[in-house]
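Take a look at these structures.
What follows is chain A paired twice: with chain B in the first complex and chain C in the second.
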Partner chain A sequence: MIYEGKQKIWSDYQKEIPDDHYFYVRSCIRQTFFPASEWAFLDITRNKFNKDIFETEHHTTCGGIAYHSDAIPQETVMTIIARQFALMHKYGYENYVCSCITSFGLYCETLESWREFPDLQNKIAENLKKATGLEFAKPKFLVHASDLVYKYRNLIAAQAKFKLVDKNTGKPLRVVEHIGCHYSKMFPSKGIGGAEYPYVLAGMVEAWGGEVVDYPERRHCCGFGFRQYFVQSNRGYSLANTHKKFESMEPYKPDMIITNCPGCPYFMDRWQYVIAETQGKTYGQNGHGIPVFTFEEVAGLVLGYNPWDLGLQTHQIGPEPVLDKMGIVYDPAKKYLGKNGKDIGKPDFVECIK
Partner chain B sequence: MGKLCERLMKDYRIKEGLNACINCGTCTAICPAAEFYKYDPRQIVDIVQSQDDAEIEKLLKSDTIWYCGECMSCVTRCPRKNAPGLVVMALRSLSIDMGYFMESEKGRQQYVVSKDLCGNILNYGYCVYPRTFKYATHQEAGKVWKWEEEHMDDVYERLNANLDGEGPGAVRKIPQKDLDEIKKIFDITGGTDRVNAVKAAAEKKANELGLTEEEYFNKVYTECKGAHLNH
Partner chain C sequence: MNNNVLIIGGGPAGLEAAAQLQGLGYNTILIEKTDKLGGHLAKWDRLFPASQSAKELLDTLLQNINGVKCFLNTDVNSINVLDKSYNVILSNGITILADAVLLASGFDLFKAEKKEEYGYEIYDRVITNADLEQYYKTKCDNRIQNPKSIGFIHCVGSRDEKVGNLACSKVCCATAVKQACEIKQEFPEAEVYCFYMDLRMFGRNYEDLYLKAQKQYDIRFIRGRVSEVSEQQDKTLIVKAEDTLSSKPIKITLDILVLMAGMRPSEAGEKIGDMLQISKEDDGFFTTKDSVYSLQKSNLPGLFFAGACTGPKTIPDTLHEARSSALEIHEYLVKNFSDRK
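Entry: the complex of A and B
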């Protein structure tokens, strides 16, 4: 192996990530299923690291899920995206950070199409003006929120209250990292580490003391498939793909899964529940499922956030086996309480997913 | 070059996604949909590349183009930098524009995704929105989602969200002025036309079948009669 050659290939998959001053755009799925993850991202970056991460209530969906379900034309989604970029410009920012991976991939695709076809860009700019009166602009730097947490991973490690280490054995936790398909499969150069060996989550896991698990279907899609999930009669597609991943990772005995796409943790969490209910099969230890986390949740746990502030009570697969191994102290009695300790009932669970 | 082919070639996704396919089948080998459905992206790209209008028309009227999950795994591995996933997206758009999507079971499902997703965008500013994501039609979301749905305001408050609230935050109420701008974007870019075309075709079909709109929606949402699967 020629070492310099390898260094050159790796350098192609590095990206410049500004340290500060971002316009933040939320994700439809993360807001719906993991709203506390977005809260944790903003709390960590703003309040722990004093970064300027600006959000306005005027931004909307990018339309990406509808576009990838073929419900809206390309021109429509591109003009909605142009509106998001124009808001960034209006508020005086040039660095754009998004919470959603579908959005991130679509922003990359859109910027590339505009670069390749200037007439298309002009048309979208005209549409934008006509519909909103806003001035067309493009971000100088486009990053996903996981890129930023990757950049801050050593800052987080320096303030860590807990590590991804089994306190009983002293061994690193075995972590499956699952990257959302649209992070870098379409534009490998836009993701840290490219598409075959993305390093964005692996870098976090290593910095925080864990061990990354390799397994045959590591790069297989979680199975979202857009219309393959939203239409009930297609959902077998989604389940079958998640099942394939879990069957593949099972022999490697992972302790946990970390994800950067908002949809993947939902599907990998919920389809484990369905497999357990319908087949009686679980993939973790002692009849548990394998807990699935967002990258914000893992960062929050490492920094010592209360697991229930991070929203881990809204996972169908309980996080407790991982919390216990990391030595995180939590109060089970407070798991399902509302704000200020309000009793709001609790969910019924199946026996095999403790 | 036939008329369908001419229209396809104008789609930017074909311009970007179809260079020179060598029919190696790498896309099919990596494709999650090809493992589940009777689906072969290599064949689809081959037909488009052949520029045979009769074959393209068959494709546009078939279930085949609706099997893709748009994960774009094919894009990474293609040795000729093609994007079969983008080719499929262009085919789906043309199928809708021509009304051919109504000829296949999977194509007719566009009514469901159009009504649900575009409804969420235009009414709330989100593709997915907690108040319209129902446990009754998403039981796989688990008992935990059932609990969240039953105590939605309290759960989202606990999670530091801003459900339907003023100002920024997760699942906030997006101001009407912004929703009006999104509607204008739909109007001038063909989004509204697509929503209306899919709706009109569904209503016509529902009438033919003697079904109410709700009955037709549920039929399309749940029906799986075709021999779609690989196994």
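Entry: the complex of A and C
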């Protein structure tokens, strides 16, 4: 691998990311899969860096899951999106940041469709007016939350309490970065670093002291892929995809995986358990799995947040090997205690994977 | 005849036209932006279809330009159209009043790194057709160490809307088949694969070369595009492609992958084109006066074309066109400058 070659490509795929003043929209499924990630994003940006990140309870789903499942027509999903943008405008913002990769891809697709077909845009504006009375508007800048954390990566590094470094050896942690397909595979120019060698997560890993692990199936789908999972009879494909990725990355001995999509961390985390249960195989060291994190969780760990406040107890694969290597002190007894010390319940003991 | 003729570009087209015009008695001045003559031919080892030595051909072309004033490392700083001539200021400070100008600015190889999914300049063992010719010439390339499996991807940067080039580069199919045979000659035990869209073996003896590649060298031709290339820990490459004839995806591990980079208009030619506002077609190459009869003429009086500046061409086509251009220039000068005879 020629690193300078990748740098050359990265320099071709940069995008303008305003520093401040964003209208933030959450993801439907991340709030249940990784409940503290969005909180961590808001806490870091607002309270650590004093950024103006506004959100309203009036925003809804982008309609992406229904759209990609062919459950609703394109014009309907575009009207839903037009409403999100209209809310941004109503509250006085022109920079739009979203938590979800599926949403980001769909927003990119919608904006491109409107640019290509102005009549369609006019029709959607009319639909919006009739349905909600809101004024049609488009964001001046559309970014994904990982774009913003990428932009703040050096700020985070400057305030880091821990690095992505093995405290016992002094060596960088070996990190697999996995972007969501809809981040830049449809519109490479919309993602930092493009589609083939994306830099958005790699840049965070480098800034925080880690080492990016490249492996042959790095571009492969995480296993979610909508129809692979939503259609029950296809779930074998979902598992097979994830299995393929882990088989490919195994020889490189990664310490952890960082992701920026709702589905990727979930499926790479949960399917490791299924593979262990059905095949008796684990991909981490000493019977552990490879911990999978969202980018907000990794940023939070670097900044010294309590792992349990970041929701890491909701992961199937325990994060402890990474916490230990980074030198993060945590209380195992509090792992399954929620806010105010409330017992949130402990999963049944899983013997197949640590 | 004391007419000055300026030739811009010292590749095969420029060299052959220079020899012809000098032979016709004109003051022929040839400028070349690099430090040596020959263009891409100077970097090539052998030529299809019969593996003729590129060096021998270049030596012949160079022997024939005796008397031609050649300026190396020289560019055009400015060029202005006068009443009947062109006032050209060169980067070496010399000003030339040329009665005719021949643009033989050739082509640039497509920058293979733009096809990011193939990993040129990212993976160690992904090389281009030009890199392989350099290896054949020098027998020196650390990446090529007794390879057991080699793949060739045709049409890299050609017939590809994604990179903004719908045109066929014309010579890549024959070059790939030639290079595949040559690599098999050098490494007889190696498995060799060619991934192609269509095989455009249009020239005389080209089809024979294609059949020889299959029958004699056992080269495997796979009709389908490569979707992605990945590198393994031992630097070998995993290539995923579709075999459209069997309608199946395939995955092959290779030691070397050769990208058949196509032809793009040269940056140097584009610069001259901008100075003279020469029109270009959608493929970026210069527009000729018509598409059948006057392929060497431009829409400007006294400005002529030869070679790949008007589109991809083989070496024989380029040489024929250079001779034809020389005759067109001769005819133009006789007609318009009869007072100088």
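Here, the second predicted complex is superposed on the first by the 341 of 354 C-alpha atoms of A that agree within 3 Å, B and C clash if a C-alpha of one lies under 4 Å from a C-alpha of the other, contacts with A are read in each partner's own complex, and residues count from 1 in each chain.
The rule is short, and it goes like this: a residue touches a chain if its C-beta (ideal position, glycine included) is under 8 Å from a C-beta of that chain, and two chains touch if they have at least 3 such contacts.
For clarity, every value in this text was computed on a predicted model and none was experimentally measured.
Colleague: Once chain A of both complexes is superposed, is A:Y252 in touch with chain B (first), chain C (second), both, or neither?
Modeller: second
Colleague: Is chain A touched at more residues by chain B or by chain C?
Modeller: Partner with more touched residues of chain A: B.
Colleague: Once the shared chain is lined up, is A:V329 touching chain B (first), chain C (second), both, or neither of them?
Modeller: Neither partner.
Colleague: In the superposed arrangement, does A:R218 touch chain B (first), chain C (second), both or neither?
Modeller: second
Colleague: Figure out whether A:K130 sits in contact with chain B (first) or chain C (second), or with both, or with neither.
Modeller: Touch status of A:K130: first partner only.
Colleague: Regarding the shared-chain residue A:G5, is it in contact with chain B (first), chain C (second), both, or neither?
Modeller: second
Colleague: Output check: A:G338 vs chain B and chain C. Expected answer is one of first, second, both, neither. What do you get?
Modeller: first
Colleague: Could you say whether A:E196 touches chain B, chain C, both of them, or neither, answering first, second, both or neither?
Modeller: In the superposition, A:E196 touches chain B and chain C alike.
Colleague: Do any residues of chain A touch both chain B and chain C, and if so, which are they?
Modeller: Overlap of chain B and chain C footprints on chain A: residues 195-196, 219.
Colleague: For chain C, which residues count as touching chain A in their complex?
Modeller: 113, 116-117, 120-124, 228, 230-233, 238
Colleague: Once bound in the complex, which stretches of chain A touch chain B?
Modeller: Touching chain B: residues 26, 28-32, 35-36, 38-39, 55-61, 63-66, 68-76, 78-80, 83, 105, 112-113, 116-117, 120, 127, 130-132, 181-182, 185-186, 188, 195-196, 219-221, 223-228, 230-237, 239-241, 244, 269-271, 273-274, 308-309, 311, 313-316, 336-339, 342, 344-350 of chain A.
Colleague: So in the complex, the part of chain A that touches chain C is made up of which residues?
Modeller: 1-2, 4-6, 8-9, 194-197, 214-219, 251-252
Colleague: Tell me, which parts of chain B touch chain A in their complex?
Modeller: Within the complex, chain B contacts chain A at residues 11-13, 15-16, 32-33, 35-37, 66, 69-73, 75-76, 83, 89, 92-93, 96, 106, 109-110, 112-114, 116-118, 120-121, 125-130, 133, 137, 140-148, 150-151, 154-161, 166-172, 174-175, 177-179, 181-182, 184-191, 194-195, 198, 220-224, 229.
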